[in-house]
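Here come two complexes built around subunit A, the first alongside subunit B, the second alongside subunit C.
Take a look at the complex of A and B:
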C-alpha cells in the first residue's frame, strides 16, 4: 500500500512536533503554514535582517523556541513544507490553499489541524480607536520586529498573557503605565492549588507580577474598564476599582481576555463541536489520540482548545504518533503513556488558569449601548440588542443574519465571543444554548480571481 | 404534554411565501399558525442572491412578478421595513449577437405583460456603463427591477404577521399531518398539535414530502445556488447584473460589498446542510471578472450556498391540491422565488378566502406532473433562469 498523504496545517509547537513524529516514521508530510517561518505565534521568528536575540524575544522560553525552529529547519528538506500559505477551506478530503496569490487544492488522507489561537477580545467603549491593540498583537509587534504599540502603554483585560506582555514591554524598555486585570485577586488565590501543578509556571507568573511592581508599574485587580478616550487615537483610559474612578493618560492599550481557539477549519471539515464550560468556548470533540469525529482528521494544540505551548508540543507529537500507527508503523506505547501523563498534569494547570482568569462573561451587558460590538460592520451593542428583541433571536447565526454581526472581514473571529454573551443575556439563555457561528469558506479573506492565470 | 392550537389555517414552512401568507391571511381576518422547523427565512428565502427581478422570467411567472413588484414598492408601509429594497434596475448582458437577439425577442414579448425593457447596445453600453468588460456588446435594462436584503424579508413578514395576531412558531418541525373529517391535525415537535381547516404547504425544498403525503408526489429535486461576497468596495456596480445564459449574476449592496453567484453548490436535504464548492465559485468568479474586470483583486470574505427546491420545468407548484381539499401548495420555486415571495402570500390568502386567485395559476398546477388533470404548459424546453 502506498503511503497516505498527510497534511499538517500550522507550523507552531503542535504542527512542528506532529510533523517531526511523522517524519521520524518516514511518512510524507505536507506542512502548510501562514507564516514565512516556523514557530507559530508564540515562537514567531523575526524577519531576516533583525538581530534581537532569542532570549530577548522569547525570555524564559528561548530554548524551547530555538529547539522548535531548529526542528522545522532540519525537517524542511525531508517534507513538503509550504510556508506563507493559507489553508482556507476543507471539503471532501481536500484543502483549498492560497500560496503566492494562487489557489491550489491539496488532497489528503490524514489531516492535522494545528491552527493555534487568537486573542479573545471584548468591546470597551472606545476600543476601535487607533492605538488599541490586542494583547497578542502587542506581543507580536515586539517579538517580530522589536516594536512597541505606543510610548505609554496600558495593558487591560485578563489572563496570563496580560502579565507576560507587560513584563516583556517593560523589560524591552517601553513605558508600561499600568496592568489592569478585570478579575479579582480572590480568584487567583482560589486557583493557587491547581496552579501549583506546575510550580515553574506559577513561579514565572508570580515573578512577572512582582517584577512589574518592583519597577513601579501599577498592577491592579478587580478593575472595571469604563471608557477609552481619544480623538483620532488613544489619549486616556478611565476605569473603576473598588468604587473609585481613575483616569490614566496613555497612547496605547493592549486589550485581551484570554485566547480563543481558531476552529474554523475544523468546522469546515465537519468535526462535531462541544461547548467547553471551563474556557467558555466551542471546541472540536477529540478522542485520546486527538482524532476529531471525522475519521482521519486530527486536532492538536491551541486550535483544539487553549492549553498553552507546552501542551501543544505534546499534543502534536501525540497526534503524529497516532497517525503513524494508523499508517502501519509500530505504536510507541511507552512514549504515548509518558505524553498522556504530562498532558494530564498540564490539564490541571489549565483548570487553575481558567479559575484564576475566568472570562468576564457579563462585561458586554454592562457597557454603554453605543459601544461598537462588531468592528467590521460597525454594529453597536444597542442596535444588536434591538434586533434581538424585534426578531425574537435565540441563536447566533440568526443574530448574524438580522444584525450583520460577524458578517464582515473577520467573519466573527473577533466579535463572536462578545456577541454570544450578549445574545445569551438578552434571550435569557445559557451561552451554550445560543450556539456558534457556522464557518464559511474562505476562513480569511482571499483575493479574486481563484483560478490560475492561463 | 400536548399543546393544542386551533386555527383556520396552518402554514408549514416559514420562508417568504409562508410568512407573507401568514401576514395576508391575518389581514383577511383568518386565524393562522405558522410552523417553521428552524428560524424564519433561514433556508432559500434568506440566503439567496437578493435579486428583485422580473426581467428574464418565464412568461407564466410574469403576471405574478408584476404584481409582486408592486408589493415590493410598498413594503415599508405594509410591514414596517423596506428590507433594503432598492430599485437599482436589472441589466441583463449580451455577450454575443445571439444574446442580443434573445434579449430583443424577450423585450417584445415582455411588453405584452406591461414590463418595459430598454435595449442598450453599441457605443451606448460603453458610455453608460464604462465598468463593463469588452465581452459585453449590449444589454437590456429593466429599470424598475432591483435588489433587497434577503435575510430580512421573511423575518420582517413574520414579525408583521405576529403583530397582527398570527401564531408564529419557530423551531417547530412538523412531524406528520392527519385529516379527520373537515380538519387537519398537524403534529409537531415539542408536543404541539395544530388543528386547522386549511393546510398551506410553503415548505420550499421540503414541499415535496408534504405533497407526497397527500398522495401527489412531484419530481422535485434540490439545488444549491452558489454565492460569494467581497469586502466593501467603492460603489460602482450601479445595476443588478445578470447575463444571457444565467451563468453569473452580480450586485453591489449599499455598504459596498459585491455579491456574486453562479452555478450550484452541494446540498443535503436530510442534513439540512449546504456548502459552496470551490470549483463552482472559481468559474463564477472568472465569469464575473469577464463582465466586470474592476473586481479583480477584491477580497472574498465569505461564500455560501442555500437549499432550494428545483422542479424539472423550473416553475413552482402553486395552487390547490388535486387530491386533498383545502390543501394549498406553494413550493419548488427553483432558485427564483425571492422576488415572487411577497405576492405568493397574497395569492394563498386569496385561495383560502375566495377559493380562487386574481393571478393566473394554471401553469403552476401540481397536476402537470402526471396527476389527475391539467396539461402542463409547454415549459420543459425553457432555458434555466438566473438565480435570485
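Take a look at the complex of A and C:
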C-alpha cells in the first residue's frame, strides 16, 4: 500500500512534535504553518535581524523553545514544509491553502489540526483605544520585535500569562505600572492543592509575583476594571478594588482573560464539538488518540483545548504515534503509556489553573451598555442587547444575523466569548445552551486578487 | 510602542502615507508605524483610530495597504522603499 498523505496544520509545540513522530516512522508529512518560522506563538522566532539569545527571549522556557526550533529545522529537508502558508478551508478531505498570493488544494488521508489559541478577551469601556493590546500581543511585541506596547504599561485581566508577561516586561527594562487580576486571592489559595501537581510551575508563578512585588510593581487581586480613558490613545485606567476606585496614568494596557482555542478549521472539517465546563468554551471532541469524530482528522495542542505548551508537545507526539500505527507502523505502547501518564498529571494542573484564574463570566453583564462589544463592526453592548430582545434571540448564529456581532473580519475571535455570556444572561439560559458561532471559509480574510491554481 | 531591546539594528527608509519615514531591519510594518505615531489606521466606522490589537493575525485590525495591496501589518516585515498607506485617501493606497 502506498503511504497515505498526512497534513499537519500549525508548526507550534503540537504540530512540530506530531511531525517529528511521523517522520521518525518515515511517513511523508506536509506541514502548513502561517508563520515564516516554526515555534508557534509561544516560542515564536524573531526576524533574522534580531540576535538576542534564546535565554533572554524565552526565559525559563529557553531550552524547550530551542529544542523545538532545532527539531523543525532538522525535519524541514525530510518533509514537505510550507511556512508562510494559510490553510483557509477544509472540505471533502482537502485543504485550501494560500501562499505568496497563490491558492493550492492539498488533499489528505490524515489531518492533524494544531492551530493553537488566541487570547480570550472581554470588553472594557475604551478598549478600542490605541495602546490596548491583548496580553499575548504584548508578549509578542517583546519577544518578536524587542518592543514594549507602551512606556507605562498596565497588565489587566487574569491567568498565569498576566504575571509572566508583566515579569518579562519589567525584566527587559519596561515600566510596568501595575498588574491587576480580576480574580480574588482566595481563588488562588483554593487552587493550591491542584497547582501542587506541578511544583515547578507553581514555583515559577510565585516567583514572578514575588519578583514584581519586590521591584515595586503594584500587584492587586479582586479588581474590577471601570474605564480606559484617552484621546487618540490610552492615558488612564480607572478600576475598583474593595469598594475603592483608583485611577492610574498609563499609555498602554495588556488585556487578557485566559486563552481561547482556535477551532475554526476543526469546525469546517465537520468535527463534533462539546461545551467544556472547566474552560467555559466549545472544543472539538477527541478520543484517547486525539482523533476527532471525523475519521482520520486529529486535533492536538491548545487548538483542541487549552493545556499549555508542555501538554501541546505531548499531545502532538501522541497524535503522531497514533497516526503512524494507523499507517501500519508498530504501535509504540510503552511511549504512549508514558505520554498518557504525563498528560494526566498536566490535566490536574490545568484544573488548578482554571480554579485559580476562572473566566470572570459574572463580570460580563455588568459592563457599561455603551461599551463596544464587536471591535470589527463597532457594535455596542446596549445595541446588541436591544436587538436580542426585539428579535427574541436565543442562539449565537441568530444573534450574529440580527446584530452583526461575529460577522466582522475577525469572525468572532475577539467578541464571541463576551457575546455568548451576554446572550445567555439576556435570554436567561445557560451559556452552553446559546451554542457557538459556525466557522466560515476563508477562516481569515484573503486579499484579492490572488492568482488561480494552475 | 517603545523600542526596548536590540535597538541597534540597521535602519531603512520607507514611505508612510506618502511621507518619508525610517524603520529598523526586522520591524513589522506595525512596529515601524507605531514607533513613529500612536495609531495605525484612520477611523473606519467613526469611533476613533485603531492600532492593531492581537499582534498574531487573529483580530484583523491592522490591515494596511502596501504598494497598492492589502496586508496585515503585524505579520508583514517592512522593507526598504515600501510604500505603506494607512489612510484611504492617500494616493499610494
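Just so we're on the same page, the second predicted complex is superposed on the first by the 449 of 454 C-alpha atoms of A that agree within 3 Å, B and C clash if a C-alpha of one lies under 4 Å from a C-alpha of the other, contacts with A are read in each partner's own complex, and residues count from 1 in each chain.
In the analysis below, contacts are C-beta pairs under 8 Å (C-beta built on N, C-alpha and C of every residue); 3 or more make two chains touch, one makes a residue touch a chain.
Predicted, not measured: the structure shown is a model, and the values here were computed from it.
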Subunit B and subunit C placed together on subunit A: clash or fit? fit
With subunit A at the vertex, the Cα centres of subunit B and subunit C span an angle in degrees (to nearest 10) of 80
Is A:148 in contact with subunit B, with subunit C, with both, or with neither (first, second, both, neither)? second
Inquiry  = Going by the contact rule set out at the top, does A:409 touch subunit B (first), subunit C (second), both, or neither?
reply    = both
What is the contact status of A:134 with respect to subunit B (first) and subunit C (second): first, second, both, or neither?
second
**Request:** Report for A:106: first if it touches subunit B alone, second if subunit C alone, otherwise both or neither.
**Result:** neither
- Does the superposition put A:41 against subunit B (first), subunit C (second), both, or neither? second
* Considering only the touch criterion stated at the top, classify A:202 as touching first (subunit B), second (subunit C), both, or neither. => neither
Larger residue footprint on subunit A, choosing between subunit B and subunit C, goes to C
If you stack the two complexes on chain A, which partner ends up touching A:420: first (subunit B), second (subunit C), both, or neither? neither
**Request:** Using the touch definition from the top, say if A:442 reaches subunit B (first), subunit C (second), both or neither.
**Result:** first
When the two complexes are superposed, subunit B comes to within a least CA distance of subunit C, in Å, of 6
Subunit A positions within both the subunit B interface and the subunit C interface are 377, 408-409, 445, 447
As the complex stands, subunit C meets subunit A at residues 1-7, 9-10, 24-28, 31, 34-35, 38-40, 45-61, 63, 69-71, 75, 77
As the complex stands, subunit A meets subunit C at residues 34-35, 41, 46-52, 56, 118-119, 128-134, 136-138, 140-142, 144-151, 172-174, 232-233, 262, 372, 375-378, 408-410, 413-414, 444-445, 447
Subunit A residues touching subunit B in their complex are 89, 91, 96, 103, 105, 377, 390-392, 394-395, 397-398, 401-402, 407-409, 411, 440-442, 445-451
Residue set of subunit B touching subunit A in the complex reads 39-42, 46, 151-152, 155, 159, 170-171, 230-231, 255, 275-278, 281-283, 285-286, 288-289, 295-304
